[in-house]
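As written, the chain order gives the labels A, B, C, D and E, with residue 1 at the start of each chain.
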Amino acid sequence: MIFGTGILKGLFVTLKNFVTSYFRKPDNGGIFTVQYPEERDKAIEAFRNFPFLAYDGTPDKVRCVACGICERECPPKCIHIVMEIDPLGKPARRPSVFEIDHGLCMNCGMCEDVCPFDSIYMDHAFEVTAADRGKELVRPKEALLKSNDYFLKIRPGTATLVDQKRRAAEEKKKLSRAATLPPQGPVS
Amino acid sequence: MEILELFSKIGIYATMALVLVFALGVVALRNLFHCALCLAAVLIGTAMIYVALHAEFLAAVQILVYVGAVMTLVIFVIMLTEHLGGKTIRQTNRQSPAAIIGLSGIVVLLGTLLMKTPWPVTAKALDAKVSVMSLGKALMGTYAFPFEVISVILIACLIGAIVIAKKDVSEKGPS
Amino acid sequence: MSMPPFLRDIEFAVDLSLVNAKGWCLDLLGHFLPDWTVVLASIVISGVAILALGPLVMMYLTLLERKVIGRIQNRYGPNRVGKWGLLQPIADGIKMFTKEDIVPAQADKIVHFLAPVVIVVPALMVFLVVPFGERMTAVNLNIGLLYFIAVSSITTIPIFMGSWASRNKYSLLGGMRTAAQMISYEIPMTLSVVPVIMMSQSLSTNTIVMTQVGDLDLHWFIFTPWGLVGFLIYFLCAVAECNRPPFDLPEAESELVAGFHTEYSGMKFALFYMAEYMNAFTLCGIATTLFLGGWQGPFFPSWLWFFGKTFALICVMIWFRGTLPRFRVDQLMGFAWKFLLPLTLINIPVAALWFFVPERLAWLYSIAIFAVSFWGLVKLNCAFVPEKRIYPLAD
Amino acid sequence: MIIPLQHILIFSLLLFATGLYGVLVRRNIIGILISIELMLNAANLNLIAFSKSTSLAPETGQIFAIFVIAIAATAAAVGLAIVLALYRVRKTVYTDEVNLLKW
Amino acid sequence: MTNTKDLEGSQMLEINFGPQHPSTHGVFRMKVFLEGEKICALDPVMGYLHRNHELIAENLPYAATMAYTDRLDYFNSMANNFGYALAVEKLAGFEVPERAAYIRVIMAELARIVNHLMLIGFLLNDLGAFFTPVLYAFREREKIMDLFEEVSGSRMMCNYFRFGGVKRDLTAENLTFIKRIVSKLPAFLEEFEALLTKNEILCMRCQNVGVLPADLAVNAGITGPVLRASGVNYDIRKVDEYGLYDRFHFKIPLGQKGDVYDRYYVRILEIRESLKILEQALSQIPQGEVLNKKTLPFLKMPRNFKPATGEAYGRIESPKGELGYYLVSDGTPQPWRYHVRAPSLINLTVLEEMCLGQKVADAIIILGSIDIVLGETDR
């Protein structure tokens, strides 16, 4: 073994990489850079970033009933919920305040796991910025609300399952209601 | 072309003045590191004057040996012996006034002598061009013996310096 | 091989186009103004050309380096500013200019300011003797090579200034390392040049290029055994002299943060950076001049040849940077003193004998001598030889 | 010669005197050493100036200057080595603090 | 151990490497006393990244801590999850379905590969190579990271393991993707080794530097590749045979001298062994559930999970060494005591012994070869 062969071998490796970087495919040892604003990595369904609140149809039909389970179970305690009180003074089973502090949230997905009302899910949007970490990072309900269509778009697999489950539950509810109440018209 | 000659004259005198200013810096500044830098400036300035006197080879040697090697050594030792950011303490002893008086006397005396003496300037010497080749021939011919002696001295001092600066037997001296 | 005469004429015209352009300017000036202004103008034109060339070369060297290293590492390198990132150096320059200039509170303010200014001066001054092309040496000094070595040795002083004035321990360590490294590597570098001086019997860079003359039958010194060994030694020392990997100890990022320029920011940092790259360029340029036949070469204009060869050498430096880890201080010194220096000392007599021995025989004996001495030096320096190890696999 | 010999001699005299002043008044050994370099430099300048103006072989002055530079380098090397050794033992580089005449 | 307090004010050069320094692998500080370039004393200072991990966990339900364990050793959150899941399963006596157990092994070994590749890359960075090994390692890591993201939703903070299984099943595409990774890695390793292993500069720098004798390593409680590089055959995968490691055939590479080079090369060999495990696991993996049905309600309602009073210590061979989780339950939803035995922290204790008498540059690579992650060291 002559002194210097190891270095020469290493130099050859880098030379080879220099040359092959011009024509090799990314998954084959070529340049694997994703040129971000123009190109984007392929969307991965399981990807989780900050949570969002799903609603059906219009923003006022929030699925969330402000039960506060996610607020309690959130490990870094970044969720703040206040239940809406309707004019009669009774709880409206709807959040009047639903805030998530993005400065605290660690994207663990615990809220999604524990939510019994299929309301809170992990989002794909990662391009979130704020100029002020005290106020702007605390995202209000308006910023968190996203439609079920959006959910279907970003996470088709999960969203379809959830929709099926919800529809089945609805059917069941209807059926049970139909069983307890006398029919009031033709059922479609 | 007289103007160009005038320019070079001005240049030489300016260099001399600067060199003297830096030389004063060498002896008068309190921060030793600054002194060393001033010395480097003096050496480079002197090299420029050598160039003006058509001794380019010597100028290059001066820069190579003095600025490149000796100054580096000096600064190295300064770095080793001075504390980083340490306060500068008094750098001169009490002989300073006496030295100034005595030295100014010597300067005045020698200066007048220099100006009074008629220095013979031969035309042949003014025209003579010293090429690198003739220098080399002289070094290897006429001055071969001193040259060899110098090299022996250099070797001796190299070894001596290493031995002196060496800490103990187990460790290497500075190279 | 000979070219048709008209081609030769065209080549000649292109070759000297830059020189002729300067000549016409001076002629034009000579019609209106006194003689001395023409001399002055000549100096000014050459000076401006060099002053423009230095930073320009540096700017695009940074781009080249980033691109090449990017490709080595399977990245794109800068490609956002301008086509292929060609305007990136300008963007970097603007950034450097507008950055805050931070001076440490305890720093020696004057020296801290002077160091980056002073370091550029020798880096620019050595451009004077680099023969960029036929008749394109700014000053044809008869001691050109010595001048180059002397002036480039000044570089240690401003590095010292920067490292001392920063009042930073990383800087101080970096400065110490610089001193040791630069002095150590200057010696084999200077000695590796000696055979070339012996062969061309001149210190003038122009004459050295002219002794390697030849159109397609190459008389470059690198095609002789002593030239090849000399070139390799010179090149390794050049890499060490401009503090580039694997000899980048003075600014070892993982150890000393940034070495002597840890405390520099903004334009002052840019000046250090500039000096470093200009040094790399001139060292490679001189390597081209000494061993690769300078601007000699067929078909293309001489300056194109010069720049082509120089940039090829710089690419090798960049290649080293993309591949090799760094030496340790003691290994670095050992490499210079125990390996390169003896090899240069062997190289000189081999080159001297080259004069007196017929070529075939000379090839034979020089290859034999170099092989034996290389082998012997490696054997003597057992620290350089990797240990062989066996790794047992247990259950 | 572009400028008269006398001027160079005066200049080198001033340089020499400055160096001598430094040698006389500096407390720091390194300071003394660099002042000695100044003096040697002045001497070199004289050698060159004289070799330009007298009818000796024109190389003589330069060769002697080269010898002087070589000797100066050795002086600096040995001197600084002594300074280092002294500093290691005495923790000082000031001449008036090293007055025991023993190591 | 030299008391560095005594050296303050001496002639030696005192340098603080860190907390902000390019090669301390985070906010870690080494107080170093130098004589020239030689290290006379070294004092590791840690705690800059202390986040109260253990106390937070003691105030949270068991399930919620899983997300926090990701943040311990952020290079291989899969392994951290594994250890914590093991501890809780031991405490509560949950069974893990077979497929989930296989998935766990696959993920843990992939994490080991990622960790070792990155470590070698960063070690070479410490040695002064200009990012080339790191980026080659990144190239391979990227594929594994993509896989992690696909299965767990996040590249680094996976939060993938659950008590009694894993969060999500691997699809057939995932499995073929892993197979492709496994089939391509040996070629990459060849290239990587051609670049590094025989490189003379690397050998000069690493061989006989930072030698850790076997007896010192054992006495100091060093574990993982650092211990095995010193020639001690101790691997928890073999000792405990947790998970399914008893089903796979693999060897434990051992070093001889215990220097930086051995630590580097043992890791390369470990990657090869991990590939063997992965190949076996991929060929054997059965179909079936990935989560124990009994634990699902506890995951939906973490506060309902109240393990009986008792204690459990779950440990795994994390890429850095023995990663252990100690849990004491008092019957409430929160653990009464929770402790992490972090290999990074314990391996760091021999740093000074390895560095004394070496050069500054060696201290950096010795630190790099120990492989610390400050998230785990400081917790």
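Things to note:
Assume contacts are C-beta pairs under 8 Å (C-beta built on N, C-alpha and C of every residue); 3 or more make two chains touch, one makes a residue touch a chain.
Everything quoted here is computed from the prediction, not taken from an experiment.
Shared contacts of chain B and chain E, meaning chains that touch the two of them, come down to C. Taking the mean Cα position of each chain as its centre, A sits at the greatest distance from chain C.
Taking the mean Cα position of each chain as its centre, A sits at the greatest distance from chain D. Two chain pairs, A-E and C-E, are compared here, and C-E has more C-beta pairs in contact (counted per touch definition above). Closest to the middle of the protein, by Cα centroid, lies chain C. Look at where the CA atoms of chain A average out and do the same for chain D: the two points lie 79 Å apart. Between the CA-based centres of chain B and chain C the separation comes to 28 Å, rounded to the whole angstrom. Here the CA centre of chain A is 56 Å from the CA centre of chain C. Averaging Cα coordinates per chain places chain D and chain E 63 Å apart.
Multi-chain contact residues, meaning those touching two or more other chains, occur in chain E at positions 132, 136, 139, 195, 198-203. Residues of chain A in contact with at least two other chains: 3, 6-7, 10, 13-14, 17, 29, 32. Across the assembly, chain D contributes no residue that touches 2 or more other chains. Of all possible chain pairs, those that touch are A-C, A-E, B-C, B-D, C-E. Contacts from chain B toward chain C in the complex involve residues 1, 3-4, 31, 33-34, 37, 40, 44, 56-57, 59-61, 63-64, 67-69, 71-72, 75-76, 79, 84-85, 131-133, 172, 174-175. Chain C makes touch with chain E in their complex at residues 69, 72-75, 169-170, 172-173, 245-246, 248-249, 252-257, 321-331, 383-387, 389-395. Residue ranges of chain E in contact with chain A, taken from their complex: 56, 60-61, 63-68, 70-71, 132, 136, 139, 142-143, 146, 149-154, 157, 159, 168, 188, 191, 194-203, 299-303.
Residue ranges on chain B touching chain D, taken from their complex, read 5, 8-9, 12-13, 16, 19-20, 23-24, 26-27, 32, 35-36, 39, 42-43, 46, 49-50, 52-55, 57-58, 61-62, 65-66, 69-70, 73-74, 76-78, 80-81, 90-93, 95-96, 99-100, 103-104, 106-107, 110-111, 114-115, 119-122, 124-126, 128-130, 134-135, 138-139, 142-143, 146, 150, 153-154, 157-158, 160-162, 164-165, 167. Those residues of chain D that touch chain B in the shared complex are 1-3, 5-11, 13-15, 17-22, 24-28, 30-31, 33-35, 37-38, 41, 44-45, 48-49, 51-63, 65-67, 69-78, 80-85, 87-88, 93, 95-96.
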